[in-house]
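In order of appearance the chains are A, B, C and D, and numbering begins at 1 in each one.
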Amino acid sequence: MYDQITAMAKEIFERSVARRRDLHRHPETGWLEMRTSAVIAGILTELGYEVLTGSNVLDGEARLGLPSEEVLREHANLVRESWNTPLTYLTEEMEAGYTGVIGILRCGPGPVCALRFDIDALGVLEDESSGHRPAREGFASLCPGVMHACGHDGHTAIGLGVAEVLMSVKEQLHGTVKLIFQPAEEGVRGARAIVSRGHLDNVDYFIGTHLAPLDGPDDGAVTPATYGSLATTKYDVIYHGAPAHAGGFPEKGRNALLAAASAAMGLAAIPRHSEGASRVNTGTLHAGTGRNVIPDYAKMEIELRGETTAVNAYMEDSARRICEAAAAMYGCTCEMICMGAADSHHSDLALADRAAALIERELPDIRVSSVRNVRNWGSEDISLMMNRVQSHGGQAICMRNMTRMEAPQHTADFDFDETVLEEGIRIFSAVTCDLMQDETCKDTRQRGENK
Amino acid sequence: MYDQITAMAKEIFERSVARRRDLHRHPETGWLEMRTSAVIAGILTELGYEVLTGSNVLDGEARLGLPSEEVLREHANLVRESWNTPLTYLTEEMEAGYTGVIGILRCGPGPVCALRFDIDALGVLEDESSGHRPAREGFASLCPGVMHACGHDGHTAIGLGVAEVLMSVKEQLHGTVKLIFQPAEEGVRGARAIVSRGHLDNVDYFIGTHLAPLDGPDDGAVTPATYGSLATTKYDVIYHGAPAHAGGFPEKGRNALLAAASAAMGLAAIPRHSEGASRVNTGTLHAGTGRNVIPDYAKMEIELRGETTAVNAYMEDSARRICEAAAAMYGCTCEMICMGAADSHHSDLALADRAAALIERELPDIRVSSVRNVRNWGSEDISLMMNRVQSHGGQAICMRNMTRMEAPQHTADFDFDETVLEEGIRIFSAVTCDLMQDETCKDTRQRGENK
Amino acid sequence: MYDQITAMAKEIFERSVARRRDLHRHPETGWLEMRTSAVIAGILTELGYEVLTGSNVLDGEARLGLPSEEVLREHANLVRESWNTPLTYLTEEMEAGYTGVIGILRCGPGPVCALRFDIDALGVLEDESSGHRPAREGFASLCPGVMHACGHDGHTAIGLGVAEVLMSVKEQLHGTVKLIFQPAEEGVRGARAIVSRGHLDNVDYFIGTHLAPLDGPDDGAVTPATYGSLATTKYDVIYHGAPAHAGGFPEKGRNALLAAASAAMGLAAIPRHSEGASRVNTGTLHAGTGRNVIPDYAKMEIELRGETTAVNAYMEDSARRICEAAAAMYGCTCEMICMGAADSHHSDLALADRAAALIERELPDIRVSSVRNVRNWGSEDISLMMNRVQSHGGQAICMRNMTRMEAPQHTADFDFDETVLEEGIRIFSAVTCDLMQDETCKDTRQRGENK
Amino acid sequence: MYDQITAMAKEIFERSVARRRDLHRHPETGWLEMRTSAVIAGILTELGYEVLTGSNVLDGEARLGLPSEEVLREHANLVRESWNTPLTYLTEEMEAGYTGVIGILRCGPGPVCALRFDIDALGVLEDESSGHRPAREGFASLCPGVMHACGHDGHTAIGLGVAEVLMSVKEQLHGTVKLIFQPAEEGVRGARAIVSRGHLDNVDYFIGTHLAPLDGPDDGAVTPATYGSLATTKYDVIYHGAPAHAGGFPEKGRNALLAAASAAMGLAAIPRHSEGASRVNTGTLHAGTGRNVIPDYAKMEIELRGETTAVNAYMEDSARRICEAAAAMYGCTCEMICMGAADSHHSDLALADRAAALIERELPDIRVSSVRNVRNWGSEDISLMMNRVQSHGGQAICMRNMTRMEAPQHTADFDFDETVLEEGIRIFSAVTCDLMQDETCKDTRQRGENK
């Protein structure tokens, strides 16, 4: 079966490259992945998957950092009218910011395996010079200021390749596969809405990945496990006060600018935590309307982080207390809107070892990193999915697939060596097939739940 | 009658000087005027006045800035054991901080006249050099660090002289006189408790005074009216948090020092008021127990002022909001204890004119200032008494009696020319007698109340 | 002569209305009064005045709050291409923000009289409903978001009418008239550059005015004097720090947002001044680029005010110290750009009385307010001109001309009764002619200077 | 030789207990160890050591947190007059705060070994109940509020026992021993002055220890190495401003209280460092003299810490910048006095292994912890000595000697099982003798320096 996977991955490589480049030309930021979702839904449907979209994928209320209706409407118009979107698969819900797709393949009794691929782009202006391959070869972003600069176009193309492979070997599998195409990973905004909809509640094995540069701490083509991303919460904090003429009636104002300033200083002073690193930042502050008016409005974008989920919760509690007290100090009101959230995560080393052993045995040309479990210093909302799976007794890993990168992620020059697409398809497919040989896993997990 | 007053004032001048010097030797700060009260009660009783002391003078709950029980007890011991206190008149209530005395002289139907004399000393260390007359002549303070440095010993001696004069002419008077000897004027702490006990509720005419230097804005020996002292409120603000080892568990502390620091900065930033001058000061801040402990305690002494009672109320409301919000910001609790309060005041010009005319007619050797109503920039809790009288339709003035001073009030070298005692006795006595010629006033005032 | 003035003002009234409405349709904010300046220069030139424009009017370096070159260029294009601008009189300097015009009429020896008219519009979106006369009658603003909402179009029309009248009576005058059409009064930005160019240095008599509503404290059609506008200084305060990833390297950032927040709090806490009212406001604060980046840039718009020029200087000194210290605290740099400045002002009552007497005698149908000198609570940079004139021994008044207003100044519905134009032309012309009867004044002033 | 050491330690055990109890009765805090130094100097002299005291031990300028002259004088009087101090060995320099003693034993060519014992007590009020053995057995502190509550009396007794042992085996040794009895370890104040005097510059081997409880992470009687104590710096920060009457002339004050408050808030907001844990605390703040006076004085006690010396240096640099900027913001001056300093430390594992091997081989009844190198989370100025030794190519270890403790260190109930004295004497003596078998070491170290 593993030779069949390798052969098939080779066969669909060119198609995968084309898919990645099509996505690269049509980048869509979080909750605007309308065309992207329609493309994915079309391919999965045509392959024969049971396909969930819209509110079947997401708990609408749990979407964090949703753009305004106006922004959604404008992008929907673009997608509907100007881009070669497969309109058959574009739904009204997608146009209302219910993006993301889940493809389900049911193969009788056996474990439930979930694979996660994130699909959104970034607010980066892509390099248009000829030194940048996407520009030179004609697949650079059609949308100025939006770019797949983190490789999620590659993640999506891998996921679609895996969908092809698994469908072709489905007779040999036991259990259920869920291919989760997640929106709005940037800003850690999307995972919560999928978790909240219950899709991770019955998962036995969960696998995700991220493309990573060759020059990092990993010394192979794949590292089977990562851990330790910083738990984080993002808020928009809005202060409302009352305006007054600053010369005429200073006592009548309620000063939202000073409330925000006081909050920013208070946030910076949240005490360190003895149990691990913490972070806090007020990234932006915008307040006031005119020089001679007591400012009645202020908005801050803040973020908290913690080395553990508990440390982050401490930061978050402190921040809420401080922001509200700052409002009270200046007679203002304070509104805090959660714009993103992720936990710290850890991979199950038993599952990582099983994956590594499988790759070394069956895909011997792919080198596995000697360090099996690497620390991740960023934040990733895959943590919410992994923690949900693990809290029910399932096992989860977040891998890394290394590839040559032209420039760091999140920069205008970013591009990557597309051979990683073939490798990624092989690894995900092979590891999933290995897990789905075992009809009895499901029961084991359930016993875990009954304890 | 006025010649009789002048003659009698001359007669009792030496006695008045002796009284003033006895008080000067035995200075007592606010709520500790135990010996002073016993002395006053003794003289008034022996003169034949109806004498109120203790809880008959004061609403105990309304005493502001009361010293601790230990301080009261220590001073009571000193007074009882070491000073030549007239023990017959020293009461247990006086020893418990119920100081102040009211002497009442009832002369049948007619107006109610209240005269107010404040009796407390200051926390000033008196000059002991021979250049300072009290030291040279043997009547300097017996109590290091306490001194009659504002002239209240003189006020008291004038009040006692007036008591003698009025008793001697009582057959010629109609109505009732109240001689109010008020404790704890410094820090504006004492008047509230007398007002709250109701003593000003039926007063038709109210007269107070303060000694003032010759080199001020006043160009006579007496100015019949003053106005405009700043309304003020004094608070002690206390923060309680939680301690923690600053190196080991910084997240476990609740930082009272930072709560206080934040409050101090917020207080300084209370917006100006368009309707008049305002002031705010955090005069002291003491916090923390050790360098390596998160501070769990902080105490601030603050004061607010306003050109009008309304502006001061705005400052006070703002201060309460800020101090409480600062506590909330750092997870602490906040306690605010009112330590002093005074309003802005104004004198009734009709009464001032009547007094000025009487002095010019009957006491022609005493020069009345050409400016009849002078602004006072300090704070004085006589305002609370005047406002109560005026709110019921009565008339009130706060005068000034000018005298040569050796040094500014509130300094270690302060002393004054005692001839002002004779002048003061004459003015208070004459003006009071003039007002008590008029049997019908009382009714007029009551009609005012019925409107 | 005064009857001739009255007759002529009547004759040119319709023309004045037309001029005012033309200006109202083409409103231009501070330093963009390109068309306005060209129109004024055209009329004055055609009347025969010696006309100064551009750098002959202004010290370019002393222009406060100059817009960016891009804004200047865009408006120049509009003025040149789309509006019926008299291109003959439009100069390159005007297009570079050297706006404002001075017309000079020399009539031999005698005093120098300067009359000042401000010409700029406001950033207000004009009401376009039929309830608003300018909209109904077709002279509403052609430029959305810009409007003559303070009546400077009226001031300019009066000034141009006065130019006509004075030219027609020039044979009867002695001395020199300067008609100063000042740009950028809003935000108190323009006067400094005219004063700095020396135009007020030899002025004996200076007269300005402002339209005011009938329902204010003034009870006539004209009040000859005002005083007391708050001295003010406006700054843009810019902080530069260093960015850093807030999660990855918090210690590497230098936080401009916190520097600005600290400055805003410090500014609000500048102590009150015992010599008069003061004000401070941080009207706007904009900082930061993204939620997860330590902010390396912040900009605040602040203003200080003082009841006297000295109190304002205290506020300004304090603000400079605080803004710079806040930068130092966070390792940032701080740049403070003066965007506006005005002093407190007072009118010379001798000149006001002379003007009032002249009006009452020669223009008896125009009612002079019974209160001759009214307090102004706003800020006006005419103060800089008046103070310069007065510092050299000249006399200056700032009048008020009352008229019925449809809505408060600075609002979208503002309009005024245009009969004030005729009154204004008569008053300025008559008072100026009166002053220029006196050949000897100049010498008097110079004697004053020699003292 | 090791059997001889063991036998001798047993022999002097009772004497060691007596010495410890004598020190316990006469506790002296940092820089007041006058009697303690005289006692030590006496014993070492009588044993035949070359003894350094006073300015031969310390660089006087580098003493941190020295008490006032008055405090020094008072304690000197106590020591001289009331305690059974060996006056022969009490020097004038000791009485001036030059405490601490170094005993030197020269045994020809060979390595230089330095052993460090700290000698100061703490400001703790000792439990006087019979449940507390020192009280019950009559060796509790004679000085209320001062107590050997951290075991330095034990350290000193061990050091004196080691002095006896080494003197008795000196014929078998090569090289030089320095027994350093360090003052003022509490508050990390004393080591700098010894290091600055050069005593560590030629040291090849350095050994220190601290008593520790049995219930910590160590599972033996001795742990040969510790690492990682937090680097720290302690400052007193003093602000001077200018006073003013808060009601009368608020603009004339320069507010030291607000400068300190602003500094405290700024200090709390020093950004986290990505390279390790950091700490900051403003432990105390005292400011102002009266409620109605602008405060002209403020004092804060602060401390900074860092997981590495570099992180602490970052905290210290930030703190200096912030404290000075806060002064500038309020027009005050700022003085920062270093009151304590320690670095992070690490033990040389080669030396630790050698010591462990020696103990296991020669003192087999003493159990060595299985974890050879334990993290220390406190701060210890032994780090300054170790770093100096290591910077010259020498090796250093800071051990732990475990013993049963009745209560945590730094509490009123603290006491320890004195059998640890015998163990400590054996370990220090044996390890030192082992090192001093090797005549060639010195050369090795020098070679190290030449690399």
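What we mean here is this: contacts are C-beta pairs under 8 Å (C-beta built on N, C-alpha and C of every residue); 3 or more make two chains touch, one makes a residue touch a chain.
It should be emphasised that the depicted structure is a prediction, and the values quoted were computed from it without experimental measurement.
Shared contact partners of subunit A and subunit B, listed by label, are C, D.
Note on interfaces C-D and B-C: more C-beta pairs are in contact across C-D. When every chain is reduced to the mean of its CA atoms, the largest separation from subunit A belongs to B. Each chain gets a centre from the mean of its Cα atoms; for subunit A and subunit C, those two points are 56 Å apart. Centroids built from CA atoms put subunit D at 71 Å from subunit C. A straight line joining the Cα centres of subunit B and subunit C is 52 Å long.
Annotation for subunit D: residues touching 2 or more other chains are 248, 250, 255, 258, 262, 265, 268-269, 271-272, 279, 294.
Contact residues on subunit A toward subunit B in their complex (touch as defined above): 248-251, 253, 255, 258, 262, 266, 269, 271-275, 294, 314, 321-322, 324-326, 328-329, 331.
Residues 187, 230, 232, 234, 246-248, 250, 255, 257-258, 260-262, 264-265, 268, 279-295, 298, 301-303, 305, 339, 377-379 of subunit D touch subunit B in their complex. Touching subunit A in their complex are the following residues of subunit D: 265, 268-269, 271-272, 277-279.
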